[in-house]
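You will see two complexes here that share subunit A, one where it goes with subunit B and one where it goes with subunit C.
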Partner chain A sequence: MFAAVLVASGVMVISSRNPVHSVLFLILAFFNAAGLFLLLGAEFLAMSLVIVYVGAVAVLFLFVVMMLDINTAELKDGILQYLPTGAVIGILLLVELVALFGSWGFAPDVEAIIQSQTPPIAQATNTEALGMLIYTKYVFLFQASGLILLVAMVGSILLTLRRREGVRHQKIADQVARTTETVKLHKVQTGRGI
Partner chain B sequence: MITADLATVLPELLLALAGLGLLMFGVFHKGDATRVVSVLAILAFAAALLVMAKGDTQSITAFNGLFQVDRFTVFSKGLILLAAAFTTAMSVDFLEKEKIGRFEYPVLIVFSTLGMLTMVSAGDFLTLYMGLELQSLPLYVLAAYNRDNQRATEAGLKYFVLGALASGLLLYGISLVYGFAGTTQFSSLTLVLGATEGAAPSMGVIVGMVFILAGLAFKISAVPFHMWTPDVYEGAPTSVTAFFAVTPKIAAFTLLIRVLEGPFGQLGHQWQQVIVVIALLSMFVGSFGALGQNNIKRLLAYSSIGHVGFALVGLAAGTEMGIQGVLVYLAIYLFMNIGAFAIVMLMRRKGVAVEGVDDLAGLSKTHPALAYVMAGVMFSMAGIPPLAGFWGKFYVFMAAVQAGLWTLSIVGLLTSVVSAFYYLRVIKVMFMDEPKGEFDRHIGKPAKLVLVLSTAVIILFSIFPGPLLSSAKVAAQVLFPG
Partner chain C sequence: MVELLDGVIPPLLWRVLLIVLEVLAIVLPMLGIVAYLTYAERKVIGAIQLRKGPNVVGAFGLLQPLADGLKLFTKEMIIPTQANRGVFLLAPVLTFGLALAAWAVVPFDEGWVVADINVGVLYLFAISSLGVYGIIMSGWASNSRYAFLGGLRSAAQMVSYEVSMGFVLVSVLLMAGSLNISKVVEAQKEWGWFIVWQLPMFVVFVISALAETNRVPFDLPEAEAELVAGYNVEYSGMAFGMFFLGEYANMILMSGMTSILFLGGWLPPLSIAPFTWVPGIIWFALKISAILFFFLWARATFPRYRYDQLMRLGWKIFLPFTLLWLVLVAGALELTGKLPNMGG
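Showing the complex of A and B:
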């Protein structure tokens, strides 16, 4: 059921007329994906999906969508033109993949290989198991992903930050340094004004 | 344990620290730090190269098999570092003249190069993916680097969307392979696939491999995943295009060789068909697509698609000799392209950059030296003996013929003749047409150095092919033990 709702809301994300509805369907899709993870017994992934994607990313999306005035009708104009080709390719791929999963084979002793990589499930909770692997065996990848995030940050700053002239900044040091000689204090009485 | 691992990744570690340090330096430096940071970045590349050359060249794996170093990786990393250093050196003057110099530029190049080194050394699909992303994210940003230019932002966006699609394909392929084998590590994958030898390999793993191939083919811009190349090359600032045309291609190509000859070595028959088709199409599109181009950057884009096709011929052969040919081809490709782009960067009249082929008209009268260098580069790209480009093609076609791929080599030779037409057209325009006015006289020192070097390599390779050939041979031998 989770999977069905996930796919349905995925379709709604791209087909609904109102961008705000799209984002709301996106949130629904995230929740369903989290549900799928829960069923698989990966509760940590499920929770982080809800917290990170629903809690932060989707809300940010919602704000951006509300602030920008996007004309979806204009964007939709091109869709009909490309729909037939896209649909044919998509359906072909789908049929192929379904056929593929129909005849899915595993390598011999695949279970033993998978088991050998993770600590036994009975001994460690999900989060513990992840932590044990990420910070030891996969520390290199952990650091590399840190660098990727840094690059993403530098890139977005580089592409959007503009130094504008004549912007008024608040200078806290100057404000604190003011004395009673430069500031005139008034005691304003109720209902009078200065 | 951890110290030994760190010693193995020393060149990468050095680049990572250099990147972080340069970022901080640039932020706190008063005024424009582009020049200083670029020089420091080049020094970092040189240092990484030195450390790597001094290091152990035995085959080592580190971080539980996530990372591997051997002669093959050392060879390709050497090429990548050289290319990165050269393109950074050339871009400093260009950025200053275009007035778009910002210190983040060299920093992003450092991080991107770090990503390439990581992916070349990948011993696991996870490392491969991490390296690939670390490599491509800075490239997306760099393509849109000149953000006030509409063409540049379009190029950046296009590259980003298509790149994300390619990453998706790659990841999907990796997940299929994992679904079959239960491991993403190259060495265990080799064992698993080797165990099923004789029996027909599972469909799942083949489809997964094809998806991975498609993802990587996008990165080397092989047909049919080449659509982005001309637009991005044209839209991005020329210094960025020079970087795009050389460094990521070498990295992705060596990665492709590593993946196909390593874990998927047992599936040789399956991937060979795919590679043959991609190579044929790339050679066709590369030579016929460039015929009508008048923008020199678009022309070089199609030419690079064609070159990828020629190099893929060597990979399709799948023999040690073929791989050696590919490595030699990539090295020569590096020097030809940086030479060509160094000249394209110098094409500016009264401070404005021009990019048309007909803007080169009469170059032999206004700037004879530049015209002769450009002619050398073009002849070499066309594959006219005795220049280096000829030998590059010679080795890959020899390997293909020995592997019995007759059709591929004949089509390759024919398209190579077609492509000679547009290279010769550039030369004709330079030497026979009337001058359209002079280019600005100023040629920076780095550009001179790069031009002299690339000319020297193009000419001297046929006299002293020894060092490059033998190191490529040693590198290729790693992939074919026993």
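Showing the complex of A and C:
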């Protein structure tokens, strides 16, 4: 059922006319993907999917889409224009997928690899098993993906950073320090006014 | 009783029935508690401001929440003509439903929990991060500038404070060594309450909880002076009531999370005779009430933050500080050899 709703909401993401509805359907799709993970027994992945994608990424999407104020009628006109390009890309991807599945085969020493996993996965909980793998076997890949994210972050900050002259900042330490000269403190008795 | 009914009711139906009963056993008391939290809020703030608070309906005004609820029920629900009907109606349901759904993993006493799942802390975190959707959707669907601005503000605020909250969670979990909420509480039997070890994190967590639930001094989404009432300005009748209930249920949930993570959940303060006689659920309720009182106290005491100050506090102070503390905790645990040992 999760898969069916997932596909249906995926279709709705691209076909719904209101961009905000698209994002809401995208969120529904994320949820159903998380549900699929849960059914597979991967509860940690399911929860992190909800936290990261639904809780943070989709909120930003929604933000941007709401602020954009897109005219939906204009979007509708453009659909024929982009259809050929989209179709070509779609067909290319499909061919690649088919080619990949056609040549799908297991590595010869796959049995040995499965055997060699450090803890017996069946006993460890989901989170532990994932941690064991990421921080031992795949630690360099993990670090590399972190670095890529860092570069992306620095890049986007650099792109949007603007320096303006004459901006007056609030200096909180200065404000806190000036109690005695300008502010008079009263000790008020409970139940009375000043 | 289970054996007696065996065979009369098919086992699958029996299980479903049991789950429904469990859900009702949480939701119904929850609604009552939420109603009386509003009463407590008015009484506490009244006392702080040298007023009497509600005192007309019933003895000491005790029936006031019921009267208010009845009033909301009987009011007409108005849907603005330009509003996006579906989303407009979905938003309050979402807020309210999520606030209640989170209680599924909260243990009230040893073993008193509907779903004792392995990633309970993450589940709570995920649900609390979803709360923002109810607000942002209502703000957008109302098709009103005030509501929209309120929704955007609150979304930015909640996303910002979630980051430092996540780090607080991680540094607590490092000591507990499990994502299972029951185990987090159990770990505090050995360590003592985590507030002793993680006092700065406790402070950060409570302040972030204030920001997450849009309470004073971080109630910018409903800053009356600028935004009328923020995201829920177009709602009336029971739709408004659901936002209201959801907000207060979230407050109770956040207090519950704080008491589980830092104040030892259902554990008594000392494991000696007079304290251990009191059942765990009473301790849990007492801890929640103490934190809730702090929430109300803060509302009566502090002026509202300005928006840039709020963001500054979240990103420039809490985030670096919690990150530093996380590294310190991890280092200290590693050096003392107390790091939870997992399998390998």
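Some observations on this one:
In this text, the second predicted complex is superposed on the first by the 133 of 194 C-alpha atoms of A that agree within 3 Å, B and C clash if a C-alpha of one lies under 4 Å from a C-alpha of the other, contacts with A are read in each partner's own complex, and residues count from 1 in each chain.
As a convention for this text, a residue touches a chain if its C-beta (ideal position, glycine included) is under 8 Å from a C-beta of that chain, and two chains touch if they have at least 3 such contacts.
Not measured: the values here are computed from a predicted model.
Of the two partner chains placed by superposition, only subunit C is touched by A:G131; subunit B is not. Once the two complexes are laid over each other on the shared chain, residue contacts for A:V139 go to subunit B alone; subunit C is not touched. In the superposed model, A:E43 lies in contact with subunit C only, and not with subunit B. Of the two partner chains placed by the overlay, neither subunit B nor subunit C lies in contact with A:S16. Touch criterion met: A:F63 reaches subunit C, while subunit B stays clear of it. In the superposed model, A:G155 lies in contact with subunit B only, and not with subunit C. Common to the subunit B and subunit C contact sets on subunit A is no residue at all. The residues of subunit B lying in touch with subunit A in their complex are 5, 9, 16, 19-20, 23, 62-64, 66-67, 102, 104, 107-108, 111, 114, 118, 126-127, 130-131, 133-134, 137-138, 140-141, 144-145, 147, 156, 179-183, 188, 192-193, 195-196, 202-205, 207.
In the complex of the two chains, the subunit C residues touching subunit A come out as 50, 84, 87, 117-119, 122-123, 125-126, 129-130, 132-133, 136-137, 140, 148, 152, 155-156, 159, 162, 179, 308-309, 342-344.
Interface residues of subunit A facing subunit C in the complex, by the touch rule stated above, are 18, 20-21, 24, 27, 43-44, 47-48, 50-51, 54-56, 59-60, 62-63, 66-67, 118-119, 123-128, 131-132, 170, 191.
Of all the residues in subunit A, the ones that touch subunit B in their complex are 96-97, 100, 103-108, 110-111, 113-114, 117, 137-141, 144-145, 147-148, 150-152, 154-155, 157-159.
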